[in-house]
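Lettered A, B and C in written order, each chain numbered from 1.
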Amino acid sequence: MKRGPFIPIVATLGFIFLYAPIISLVVFSFNASKLVTVWGGFSTRWYGELFANEQVLGAGLLSLQIAASSATLALILGTLCAVALTRFRRFRGKTLLGAMVSAPLVMPDVITGLSLLLLFVGLQELIGWPAGRGTLTIIIAHATFCMAYVTVVVQSRLSDLDISLEEAAQDLGATPARVFFDITLPIIAPALISGWLLSFTLSLDDLVIASFVAGPDSNTLPMVIFSKMKLGVSPDINALASVIIGIVALGVVIATVLQLRRPAAARS
Amino acid sequence: MVQASAPRIPWRPWGFIRDLMGTAGMRGRWVVIAPPFLWLLIFFLIPLLVIIKISFSQSVVGQPPYLPLLTLNDQGDVQLTLHLSNFMYLGQDSLYLAAFLSSLKIALISTIVALVVGYPIAYFIARSSDRWRNILLMLVILPFWSSFLLRVYAWIGFLKNNGVIDNLLQAFGLPQVTILYTDFAVYLGIVYTYLPFMILPLYTNLVKLDEALLEASADLGARPFRTFLSVTLPLSIPGMVAGSLLVFIPAIGEYVIPQLLGGPSTLMIGRVLWDEFFSNRDWPMAASVAIAMLVVVVVPLMFLQRAQSAVVERR
Amino acid sequence: MLDKPQLAADTRPWRDPEAKPFVRIRDVTKKFGDVAAVNHVSLDIYKGELFCLLGGSGSGKSTLLRMLAGFEDLTSGTIEIDGQDMAGVPPYQRPVNMMFQSYALFPHMNVWHNIAYGLKRDRLAVPEIEARVAELLKLVKLEGYESRRPSQLSGGQRQRVALARSLAKRPKLLLLDEPLGALDKKLREETQYELVKIQETTGVTFIVVTHDQEEAMSLATRIGVMNQGEIAMIGEPTDIYEFPNSRFVAGFIGSVNMFEGVVTEDEDDHVRIRSAEAGTDIYVSHGVDCAPDQILWWAIRPEKITLSRDKPAAEFEGANVTHGTVEDVVYLGDMTVFQVVLESGKRLRVTKANSLRGDPDAISWDEQVWASWSGNAGSVLVS
């Protein structure tokens, strides 16, 4: 099939569009001048300032903690949900569960954030818990919307899994619980890992929901960055951005290389 | 390689629990179903009901800053008070209607642009060799994994006065153009942020296209563009619909992008909600805006469900 | 030396009225919604049999197998295995093992662990497990393959691992779902022989589900032909082939020539059928349970018809001899297939073994031929 130059050209332009801002971000993080977009010479002083900034580091640490906790929670809940939706034929409330777990995927963040805050406030009045908003409420909020993504990923992998593998295990004497831990879990493990990573990233990145449900002492990294941004552009944000993008790029590249290295037959 | 068999555990509680659940009429499956079900019930469904409840309340000074709906009146009876003022205000004040329409307009235009930009990219990746395909997909997904906030921030640097684009234009002697803090910047921001969501469903659809169909079309005398119009495009409609909805629906309720890139006249309903809540401290009003937003979002949502099942069925 | 026929009779428990069946399937029905995949099926299978459920897709054979394994509930009826009612017994508690059509080898375990999996579930001691796995690997001729993963095995090797795994726990009953379906022809023939040998050596009762009649005929001690959820016929391969009980069974196995006719003579020792299609009367040399003037069908296998250039001497006047033209001759090496057009327009399929090497006198295209057969060469079918 002859292929014209049209598609590759447009595609290349598209990729440039995707990466130009990111590249400029990284380039200007090494800018000696305080004016973000006028080059004043090479310097790494912004990185130095960044690593001395306690507020940013503290928020970063908090965000990592929250992300790890909510990702793990989301993984457990999302996997259970995926198993229930894929493997159980019929049960009361199956449609409701399916709807509840896919809605957060498209619901605007502002609504999710507001609704959860109102719930926490109402609960606090009713039963005294949660006592004030803080890290816990952010974790709960993040786990709730992240589990939707985990369910999608795991459900997709589970429905690809040949059910005769699980039947064979049962036939050989394994109870359903045993089948899950011996057969299902090891085989879908890559999907579980990507689900966890996806939840981790989404939690780390969330601004809107955290703003609604955070307490006075719990400032996540996106919240700190956002308040800085409202004051205008500043090179130390560039430095922070480059660090984050660098870590992410490294992670994605490693993951892709690992996936490409695996023998073709083992790849799903 | 061979593990020794595990020592027998003298007491297992699961038998007892299983019997207990059996008498309660529940089978073992509920161990799996209950946790996510209850979690979502409490932390997803009930909050939505709470929003409905609060939208019928009124703003007051205090903790919490809204009136309770159920009160005891002088006779000691329980009284339910519903304030419809928020909804009436929604209908009357032109700001809200304008914000809704503006949100729909911005979301629609951004979706179309994202489709036009994303389709060639998805097509290109789908038609690439296996090796390149994985690398290109990784390149598409990589921005998605890095911080959304920071990527929007990157555009500020690009678009502001004396920003990168401005400097480029000046270098070529072209006049300055104000892009930042306009609707156009918001379009750019939305397309940029949501592009991966458009590309991936399109790619999934296109990659499953049987090359033999295209060859058959060529064999019957159609030129490449005609083949594209008659064969490829119609067969990629499920992917287009899924991708469009994945961009359109969240774009309606966007807050960050209009806040950082848009001007004071860029009305988007997500921003209105945020301002009602954080600036005006009017929780009930914010809740009623949320309800109205939900209604606007539900209809496209139902289309998304159908589109997703269409893409899945093509396996 | 033992008399061959007598030995055969000793090992055919279904011929013994005193024998107790090992598997009793009694009036079993399975409905999916309104559709009955299995419709009031009753079947007895004896210990040590290699029983084949034969049928096309939608015949219900796989559903029946899954009900035996415990993966489907019964809508009604009972299944007993070795005297024990299997109602409510989950698959992991049944004395039954299954070999899956897709083999279902666990991809994340090597051959050794795949075979050992069932034994570990039984909590056997490690040395016992090792001994048993070694024994099985020897049985299926895969010694040395312990550390290979399923993805590193060929189709035939995977099939053998699946077989070994299913035999590991010494099940009372082994269910096999299209065991040879995925293999190519050559491998299939070799494996058929090995499968029968393994079954005879281990003495396990096998129930095999297949759509391939050749497979059923070569493996089975008895065959159960299924059609649309019901049993059409149960019998030994010879019975199924030579004495089918219905047009469906006659047409399902091998090739057959079917003629419709009317009974003109109905006696205790013979029946005469007039058939316009056949262009002759058909004389059947035994009594048939029918009435005069009854419309019925008569089926004859291609190899039971003789073709000749000259009209053969009529054994029964005006019957069992008909005339036609050779329309097509297909040479298959071991036999030749003739397609003969009779005067009525009906096409007759006749096969002849090529017992003479390079016969110069062989019948060829467009020749006028006489087709004839003996008095008990065909089956009379009333349904």
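To be clear about the criterion, contacts are C-beta pairs under 8 Å (C-beta built on N, C-alpha and C of every residue); 3 or more make two chains touch, one makes a residue touch a chain.
Treat the numbers as computed from the prediction; the structure is a model and nothing was measured.
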{"item": "Inter-chain pair with the most contacting C-beta pairs", "value": "A-B"}
{"item": "Reference subunit A; chain at largest CA-centroid distance", "value": "C"}
{"item": "CA centroid of subunit B to CA centroid of subunit C, Å", "value": "58"}
{"item": "Cα-centroid distance, subunit A relative to subunit B, in whole angstrom", "value": "14"}
{"item": "Where subunit B touches two or more other chains, by residue", "value": "none"}
{"item": "Of subunit B, residues touching subunit A in the complex", "value": "28-29, 32-33, 35-37, 39-48, 50-51, 54, 64, 117-118, 120-121, 123-125, 127, 131, 134-135, 138-143, 145-151, 153-158, 160, 162-164, 166-167, 192, 195, 211, 214-215, 218, 224, 245-246, 249-250, 252-256, 260, 270, 273-274, 277-278, 283, 286-287, 290, 293-294, 297, 301, 304-305"}
{"item": "Subunit C-touching residues of subunit A, taken from the complex the two chains share", "value": "162, 164-165, 167-175, 178, 182-183, 186-187, 263, 265-266"}
{"item": "Subunit A-facing residues of subunit C, complex", "value": "69-71, 90-93, 96-98, 100-102, 104, 106-108, 117-118, 121-122, 151, 165-166, 168-169"}
{"item": "Footprint of subunit B on subunit A - complex, ascending", "value": "1-4, 6-8, 10-11, 14-15, 17-22, 24-25, 28, 35-38, 76-78, 80-81, 83-84, 88, 91, 93, 97, 100-104, 106-111, 114-116, 118-119, 121-122, 125, 140-141, 143-144, 147, 151, 176-177, 201, 204-205, 207-208, 211-212, 222, 225-226, 229, 233, 237-238, 240-241, 244-245, 248-249, 251-253, 256, 259-260"}
